[in-house]
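Chain IDs A, B, C and D follow the sequence of writing; residue 1 opens each chain.
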Amino acid sequence: MKGWSREEMAQRVAADIPDGAYVNLGIGIPELVAQFVPRDREFIFQTENGLLGMGPSPPAGAEDPELINAGKKAVTAIPGAAYFHHADSFTMIRGGHIDVCVLGAMQISARGDLANWSTGEADAIPAVGGAMDLVAGVKRILVMTEHTTKTGEPKIVAECTYPLTGRGVVDRVYTNLAVLDVTEEGVAVRELAPGVSFEEVRAKTGAPLLPMAQESAR
Amino acid sequence: MIDKRCEAAAAAVADVRDGATIMIGGFGEAGSPIELIHALIDAGPRNLTVVSNNTGSGRVGLAALIARGQVRKMICSYPRSANSMVFPELHRRGEIELELVPQGTLAERIRCGGAGIPAFYTATAVGTVLAEGKESRRFEGSEYVMERGLRADFSLVKADRADRYGNLVYRRTARNFGPIMCTAAETTIVQVREMTEVGAIDPECVVTPGVFVDRIVVVPEPQQESVLVKEGRVYP
Amino acid sequence: MKGWSREEMAQRVAADIPDGAYVNLGIGIPELVAQFVPRDREFIFQTENGLLGMGPSPPAGAEDPELINAGKKAVTAIPGAAYFHHADSFTMIRGGHIDVCVLGAMQISARGDLANWSTGEADAIPAVGGAMDLVAGVKRILVMTEHTTKTGEPKIVAECTYPLTGRGVVDRVYTNLAVLDVTEEGVAVRELAPGVSFEEVRAKTGAPLLPMAQESAR
Amino acid sequence: MIDKRCEAAAAAVADVRDGATIMIGGFGEAGSPIELIHALIDAGPRNLTVVSNNTGSGRVGLAALIARGQVRKMICSYPRSANSMVFPELHRRGEIELELVPQGTLAERIRCGGAGIPAFYTATAVGTVLAEGKESRRFEGSEYVMERGLRADFSLVKADRADRYGNLVYRRTARNFGPIMCTAAETTIVQVREMTEVGAIDPECVVTPGVFVDRIVVVPEPQQESVLVKEGRVYP
């Protein structure tokens, strides 16, 4: 099959996260990353609603409505976990103590602007949650998303048209087609998914791509 | 002798007046003081400003308070969710105001309100529509926006256990906004699952020291919002 | 004996503190107040180094160097006490959650300015501790002090000459001679110690006194 | 596997460089990480800026670090006490700088440094010499001064127990500045009385979550400053 599945994307993201990292996973696709922690590494997952050391979903029937993640789904706590209140939780986030945050995206600009919280439509009810705090405070922001929208529009664009979550905050983007870095010079393809050509990625990207470095093509 | 226990939720919220600002704990249903909210619906004050992370679900708890038209304005970070219809509908009709605040900024505004800090600076929301109209300022070359501390007339909070002094412990991720909201209101009203003897809570493990708590209502078996929603319940 | 002893002053202060009050006692003479809690009342003592529910000194030999008050003396914790860190402690103080603070003074001005932390002398090592936070944040500031200095100079003055701890912060002053209120109109004598005349208090006070109201003379 | 334990205090402080800013926990001797301070004396970095509530007593611990001339500047609220001679003497001779900060403002500056907040406003010190030269501003008719968040290169903290993740609990009033200093440094080094198994600390009672801790040194029987002072001990 051409390109990466969501699970393969999650695995690719997990492979880039160093041992011992403190990680916050956004609601939705990013949650898959927790299933692909490499065997020789330990990640500590933080959820902004007050838990460090979040574990996997509990078995059916063992859900506790008072033990949930930021997406309000039932989770578990690992041995060595800690509970804390919201101000302490965002001390971790805003204060730069979380190493990696993996988020979904509606749009990413060539300069690393991220739009992932609102379509900006007049009748939409805006809801931001902790997204703006995460992109402002977490050391490294990874975005995990399909390369294009359901209607085939590029998500990586010259300028975001949706309301921003943060300016110049994205470090790396993992799509079904490629891994791309936001660099000072522009968007750089670091890796192509199996069967995907640089030209295809370029065609489906709304921002100029830097020429692909020899060593990162494989 | 200090004893902050109230006999009933109705008595605990009886002096909430029209136009009051109320902080309501909870992240989704976890930590939502549903029995206190229902007592507030029964008491009937209107024109309230409510500070809470979400806007409730179904037609019970916070969503029911909003549905009854008692809330003029919501200050929150995430006003919609899977089963949240009441607020979006009223907001689209222009019948309820929304002040949308990033979650961490909301938490810090509440904490600062409780700590006597009128304003602070944060990088959160810089360069976004949520910073529009706000004062900004550079420190060491980076841009920040000024945010104001937030206080309320009343806080309604759910905790797990209390003693008569008002010392509180919470349960798991139901802690969320509770401890900071306890600090930021003129009058803090807490519902707990059980009262314990003074001294039963390890002083090293007290999460909210009693100085922040004014009234305690015991609700041994609190209702669960998601169950009520699933059953299609409507309050009152 | 003419005037009040320190113990009587402490008793007089304690009598003015309502049941259930949260109280912070300054280092020195104010600490005596804890010995005179009226039988039918319960006060909760806060010490800014991280304890709510401070109890009396331990018996000799039972001191714990990790259980001390703001004056770094060994204390105890009552059942129902709570320990917390310094930022949380000053949330209580700065945030207006402590009802009463009893402090010593070098000078008090007619407008309620307090000077109690520094002589301002060039070679003195200034040390402020939590005094400025307490006067800025605690709801009611009571001062407990000898009416005059050791050399007979008035401590209640028109303007403080020592560096201020806070402006317009003092509510009531308890001296060995009288109880005085700082009011909008000026300093008012509320009560005279046994054998002390209004004229004596006036003579030993460096600020104008309001005429004594009939009902408070006794 | 995450394991933040260091074999020895010497190794834990070995990369502290000249000119570093160091936060040192403790209120008087309670919570003062005396073994880590002695290791810092042995390591010998100079020109340090030290943030600590006091300046130590006798000629051990923090007072010894100052006596050795390793500290250029102290940021503290109460630089003298009964047995504190070293700092006053050096300060009178103009050999050490002092930034005097009200205790609550010091605590909040540290907390804000750890929480990504570059500045905040407080009523503390308004109208006093400690507000001179500081920006002031009115909010709702009252005057406040602006204070800046405070960060350090290293924090040296004493706690009671830790697990390998760095989760910490403290003991009684030795907690004081420890938890906030853990959040405000690039590298946080903690001495604890004992290591516990992961899971042995109740997750509801963790005071400092492990994310704030980098290195842990076990000192099963820490020395007590007041005893050393009474014995007239001098370090090294």
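As a convention for this text, contacts are C-beta pairs under 8 Å (C-beta built on N, C-alpha and C of every residue); 3 or more make two chains touch, one makes a residue touch a chain.
Remember, it's a predicted structure, so these values are computed and weren't measured experimentally.
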Path length in the contact graph (subunit B to subunit D, fewest steps): 1
Chain pair with more C-beta contacts, C-D versus B-C: C-D
Chain whose Cα centroid lies at the greatest distance from that of subunit C: A
Distance from subunit C to subunit A - Cα centre to Cα centre, in angstrom: 55
Distance from subunit D to subunit A - Cα centre to Cα centre, in angstrom: 36
For subunit C paired with subunit D, centre-to-centre distance based on mean C-alpha positions, whole Å: 29
Numbers and ranges of subunit B residues touching at least 2 other chains: 108, 111, 115-117, 122-123, 170-172, 204, 207
Junction residues of subunit C - those touching two or more other chains: 77, 83-84, 87, 90, 94, 136-137
All pairs of touching chains, each written as two labels joined by a dash: A-B, A-D, B-C, B-D, C-D
Residue ranges of subunit B in contact with subunit A within the complex: 27-31, 53, 77-81, 87-88, 91-92, 98, 100-108, 110-111, 122-130, 170-180, 207, 224, 226
Of subunit D, residues touching subunit B in the complex: 108, 112, 115-123, 139-140, 142, 144, 148, 169-172, 202, 204-205, 207
Partner subunit A, residues of subunit D touching it in the complex: 1-2, 111, 114-117, 163-165, 167, 183, 198-199, 201, 203-204, 206, 209-212
Partner subunit B, residues of subunit C touching it in the complex: 19-20, 22, 42, 44, 46, 52-53, 77, 79-84, 87-88, 90-92, 94-98, 136-137
Complex contact set, residues of subunit C against subunit D: 47-51, 64-68, 72, 77, 83-87, 89-90, 93-94, 113, 123, 125-133, 136-137, 163-167
